[in-house]
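Take a look at the structures listed below.
There are two complexes below, and they share subunit A, which is joined by subunit B in the first and by subunit C in the second.
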Partner chain A sequence: MNTHAKSGYLFVAPFLLVFAAMLVAPLAYAAYLSLFREQLIGGTVFAGFENYTRALQDDRLMDGVLRVARFFVIQVPLMLALSLASALAIDSGLLRFAKVFRLGIFIPYAVPAVVATLMWGYLYGPDFGPFAQLAGKLGLPAPPFLSDDWMLGSMANIVTWEFVGYNMIILYAALRAVPHDLYEAAAVDGAGAWRIAWSIKIPALRPALLLCLIFSVIGSFQLFAEPQLLQRLAPSVIDSGYTPNLYAYTLAFTGQEVNYAAAVSFLLGAVIVVASYTVLFVSGRRSRS
Partner chain B sequence: MTGTLERTGTAAPARHRKSLASRRSNVLTLGMLALLVYFLLPLFWLGVASTKSTEDLFSTFGLWFAGDLNLFTNIKETFTYGDGVYLRWMLNTLFYSLVSAGGAAFLAALGGYGFAKYRFRGNNALFGLVLGSIMVPTTALAIPTYLLFSKVGMVNTPLAIILPSLVSPFGLYLMRIYAQDAVPDSLIEAGRIDGAGEMSIFFRLALRSLAPGIITVLLFTLVATWNNYFLPLIMLNDPDLYPITVGLAAWSSQSAGGGSGSTGELLALVVTGSMLSIIPLIAAFLLLQRYWQSGLSAGGVKG
Partner chain C sequence: MKAVKRFSAALLVLCLAACTGDSAGDDGGSAAPPAAQADIDKALQTPTKLVFWTWVPDIQKEVTLFEQKYPAIDVEVVNAGQGEPQYTKLRTALKAGSGAPDVAQIEFQYIPTFSLTKSLVDLRPYGAEALKDTFVDWTWNQVTGANGEIWGYPQDTGPMGMLYRKDIFDKHGIAVPKTWDEFAAAARKLHAADPNVYLTNLASNQNGAWMGLLWQAGAKPFTNTGPESVTVSLNDDVSKKVGSYWGGLIAEGVVSADADFTDAWYQALNRGKYATWLTAAWGPVFLTGSAKSTTGKWRAAPLPQWQSGGQEVSGNWGGSTSAVITGTKNPIAAAKFAEFLNTDPESTKKLALEQFLFPATKAVLADPAFTGQKPEFYGGQAVNQEFARISDTVDKQFQWPPFLDQAVNDWDETVGKSFADKSDTSAALDEWQKRVTDYAKNQGFKVNE
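Entry: the complex of A and B
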């Protein structure tokens, strides 16, 4: 092995090279930029951690972070519960046409977030959305999907629609890998399908669920396409700081505050990494006890 | 890994079906049917809406067809509006996603195999570094990448979309797990005894066993690039370079901005364009769906 060990570098070098150029370098550059400040007079000057202290006191950024945190706490458990229930149902053998369900629920994942948001935006709309049309026929007011109170829920619905199938497939694939002897042994012991799901399948899904959870942390905190596209339908509800990512985008491309945007991006990345590791740590501790 | 998976996957349901056939649950089937309606009804709406003129969109019920079929007029207009820019966006998307996915899958396969099969110094540390970066969100990375690219004059080029999409830490992770089991050490040893070089062992012997894993990573990155919106939105300002997502978003903002009048017709085009844009990916999903499962289970079970 030893004589060949060095050829290992040849195999990993191309990936690591692109990794360094496309992941490490931009992060390093952003970290560097975030330490400077632009002035009308005197150009760019070193500012130390000024951008970061400004970000931490920036109410709009904090509102955005809290909003996506709230989104995460409500939307993700709902989405994962639906995914888990679907995966268990499809795997249970109790379902007719299981394959139709598996494919049908997965299809929305093939729809880009942009198309999903445009589509749901039309569905929500008061003009020709079917919900408004139905309500009109019944003589009821149109449901205010795009109002201030409903917006976060409406957005959660779009994201749930997009990703239940994806998470379901991850969970379902993990279920297929559970040795089926276990089910048969349990069935011999008199366990029904529900009991088998609860006592054997769900515990076996722990690692897969954790994977879904981590991906969901990352997804929630970087929400962008949905709020950015819905903003056009409800400009008074969604401001440029609605999600942190939208805020960073606005700072960089509308406000031309490049250095501050770099600091916000960097901080956002840090928040996500910390949140992900917190999820890992908490669930890791729970499994040990 | 997948070898055993495929086997349990095909053998078990048959046994399962036998013992449980009498206990099929109608309640469960009905519940799932409601869920299925939730997932497919919006797409049905989109399909119906793409057969309508803009007027009919407003004047007829959304979930059923209008009197006259406007689908072919809509399709024709979608492809001819603005000198056929829609087709250009579709081809751009196809180009960006195929090149990115192919490149990313190749780099991940090469790297995953290297990490799995060679015990060089720093193997674990380097792999740990890549693994940790799975948590770094791509959109938080996009603005820094834009700043870097604009410094070196690379914004507004196809490379600005493709290069960042070539790195798939999750792909590398999947490929490492996959290579561990799919390529036996004895195969590599046999190649060495025959006097083959390390690279030719990879390309001639290992690559074939790695193929299902590679296709999974390929599909992953294909979807990620196909759906990408944030990166091309900030990197590109030439409409001829837009992928379909940015193009449709631009049309939709034009149609929303003007309301009725000259831009009102764009509404039908956004709807039809959206409908047409999702067909290729849905078709690819349905055709290649078994690869998703094998690759994903390798990541999910051991993750």
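Entry: the complex of A and C
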């Protein structure tokens, strides 16, 4: 028993070491930092929860959180529906060139977010982007992709483009794990392809969908690269508080308010935990009923 | 998911950046005793390696001149990014206590920001004060601290003037405006005559140009009254005058507010959407490379003035210095290198003629090899001579805040945004003032408004 336990620890040690050094330690250090206040004049003083109370009253942070929450509510269902549809289509076996299709949808995920955003930023361009040129040829005004009203949608489009393939692969992998005798039994019972998809495949995908959903909660609330790059194209639309992560970054690297940024990051982490838990709770209750 | 990884990386960076082994350096109040000539000679003959961060392309040519004169010293030139990215790396290195360069390119506007955090070495002990007259007066004031410290040697400058399209002016019968009133009238006339053309573009993302225009108007937005106090005056009468002038022209639709240095902006310059570019002395060379299709159509003139018939004044946009960074093990060699680079006749001349930096030294500004150039792009006009003359008219008292990044960020989101949205610039100036003073107070400054 004793030697077993010892060798067990030995096996997990490499992971634990990296985990502690790369995750636990930075997190603990950030938590520690968030309790102090370093000023340009006067140095560092212990501030207790002052940074947190300031953050809770910070309208710009609140606006950012609400904005990404709105983003989540609109973008994620859309993206997951698309992923689900393409996973089912590939799995149905009815699709020609299924491999090409699968690869085609997945490729955007392999494109770095920065490159994807730059590319879309160009496509969105109000003066020389292809959409603007097309609209110009048709005598229409250029679609204002980068305007205040459209920005969140334009960004949702980029993120959807990037991650549909990724979620599709998760769902498709889960579909491959469904035993084929279920389909055969259903077919014997007279179920068609649609019925099989609805009654067997989608219920079987529930855990995978939940996984995708949780990833999406985290991804949405931590939006950073896309707004950060689009900021250059539309500086008056995207300010430094556009998303909470962008805000924390600006606080730390523009305002040198590292301690406050740490507190904001922790609060954002708390928001994500709560949102993820809510998703789990709601879906868990539904599956029981 | 990618975002998760990205975030932990960001956290890590955060921690690295924040590991403050803050050494309580002595305050810059009292100058260190001057280095003896014997020590200087010895330092320059001892084999030494210096690291120099700069983003000036091909500056190795001038560095080589120094290495030839002092063969014992080996200078490694590192491009750590232009502007902000370099400053971020510099701050990280300084906080980490290792990896910082010996000498770095620091723009004028960043000197108070870096001297406040004791990141720059006072150059007085290394003979800086004797070089005062080498440089144009206002540039020397820019590198001088509150207690007379010299924080860097000016390398290049950006006195502001107006580049204009002579062909467009001629076509619509517009005379080169001498005052801002004439400029406003010309803006209305031109846009009425051709709705696709704007007299100028005031970029809503370009705090540098805005500060230059404020500078010209004689505004004193920031005054560093003492090491722990700062006067912030961003919505005073002068600022409001400049703000409502530009906000008004933009809201009227006769001046555009497109973001600059973007693809669309380059295209617009080539296409003739803007009839002028209010820019700095580095603008002419820049434009030559960026708007090739308009060769021969541009000319240079001074900025329009607020008062007609008064003394001509201008502001500055851009330009930088070579500063010695705290923590260098070879301050003497580093200081002498920064000095050589920016004062040696051959080096400064090369900087102007081969790196196309607009000079900060009186000698090069008067050198016919520089002022006599008559580029074809400007129809053979001696543009360098024009800007050399403008350099003398730059107001000498302008100061920068000790927290530039924050002030600029807040400007983007208030005043700049008001230009982009055609909303109330006056209210935006109030908001800018409020945000900056709040920040300064949070940072422990005693703020005078």
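FYI, the second predicted complex is superposed on the first by the 281 of 289 C-alpha atoms of A that agree within 3 Å, B and C clash if a C-alpha of one lies under 4 Å from a C-alpha of the other, contacts with A are read in each partner's own complex, and residues count from 1 in each chain.
What we mean here is this: a residue touches a chain if its C-beta (ideal position, glycine included) is under 8 Å from a C-beta of that chain, and two chains touch if they have at least 3 such contacts.
This structure is a prediction, so every number in the text was calculated from the model and none was measured.
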For this session: Pick one for A:239: touches subunit B only (first), subunit C only (second), both, or neither.
Result: second
For this session: Applying the touch criterion given at the start, work out whether A:119 contacts subunit B, subunit C, both or neither, answering first, second, both or neither.
Result: first
Seminar exercise, completed: Of the two partners subunit B and subunit C, more of subunit A gets touched by chain B
For this session: State whether A:171 touches subunit B only (first), subunit C only (second), both chains, or neither.
Result: first
For this session: Go through the superposed model and pick first if A:22 touches only subunit B, second if only subunit C, both, or neither.
Result: both
Exercise. Now for A:255: first (subunit B), second (subunit C), both, or neither, which partner does it touch?
Worked result: second
Exercise. Of the residues on subunit A, which ones does subunit B touch that subunit C also touches?
Worked result: 22-23, 26-27, 29-30, 33, 113, 122, 127-128, 218, 222, 224-225, 232-233, 245, 249, 252-253, 258, 261-262, 265
Seminar exercise, completed: The subunit C residues in contact with subunit A across the complex are 1-4, 6-8, 10-12, 14-15, 17-18, 20, 22, 88, 91, 116-117, 204-205, 227-228, 259, 262-264, 267-268, 402-403, 405-406, 409, 412-413, 416-417, 419-421, 439, 442-445
Problem set entry | subunit A to subunit B touching residues, read off their complex | 1, 4-12, 14-16, 18-19, 21-23, 25-27, 29-30, 33, 82, 86, 89-90, 92-97, 100-101, 103-116, 118-120, 122-123, 127-130, 133, 161, 164-165, 169-174, 176-177, 179-180, 183-184, 187, 193, 207-208, 210-211, 214, 218, 221-222, 224-225, 229, 232-233, 245, 248-249, 252-253, 258, 261-262, 265-266, 268-269, 272-273, 276-277
Problem set entry | Footprint of subunit C on subunit A - complex, ascending | 22-23, 26-27, 29-30, 33, 38-44, 113, 122, 125-128, 166, 215, 218-219, 222-225, 232-233, 235-236, 239-240, 245, 249-250, 252-259, 261-262, 265
Problem set entry | subunit A-touching residues of subunit B, taken from the complex the two chains share | 5, 8-9, 12-13, 15-17, 19-20, 23-25, 28-29, 31-32, 35-36, 38-40, 42-43, 45-46, 49, 57-58, 61-63, 107-108, 110-111, 113-115, 117-121, 123, 126, 130, 132-141, 143-148, 151, 163-164, 166-167, 169, 172, 192, 198-199, 202, 223, 226-227, 229-230, 234, 244-246, 248-249, 252-253, 256, 270-271, 274, 277-278, 281-282, 284-286, 289, 292-294, 296-297, 299-303
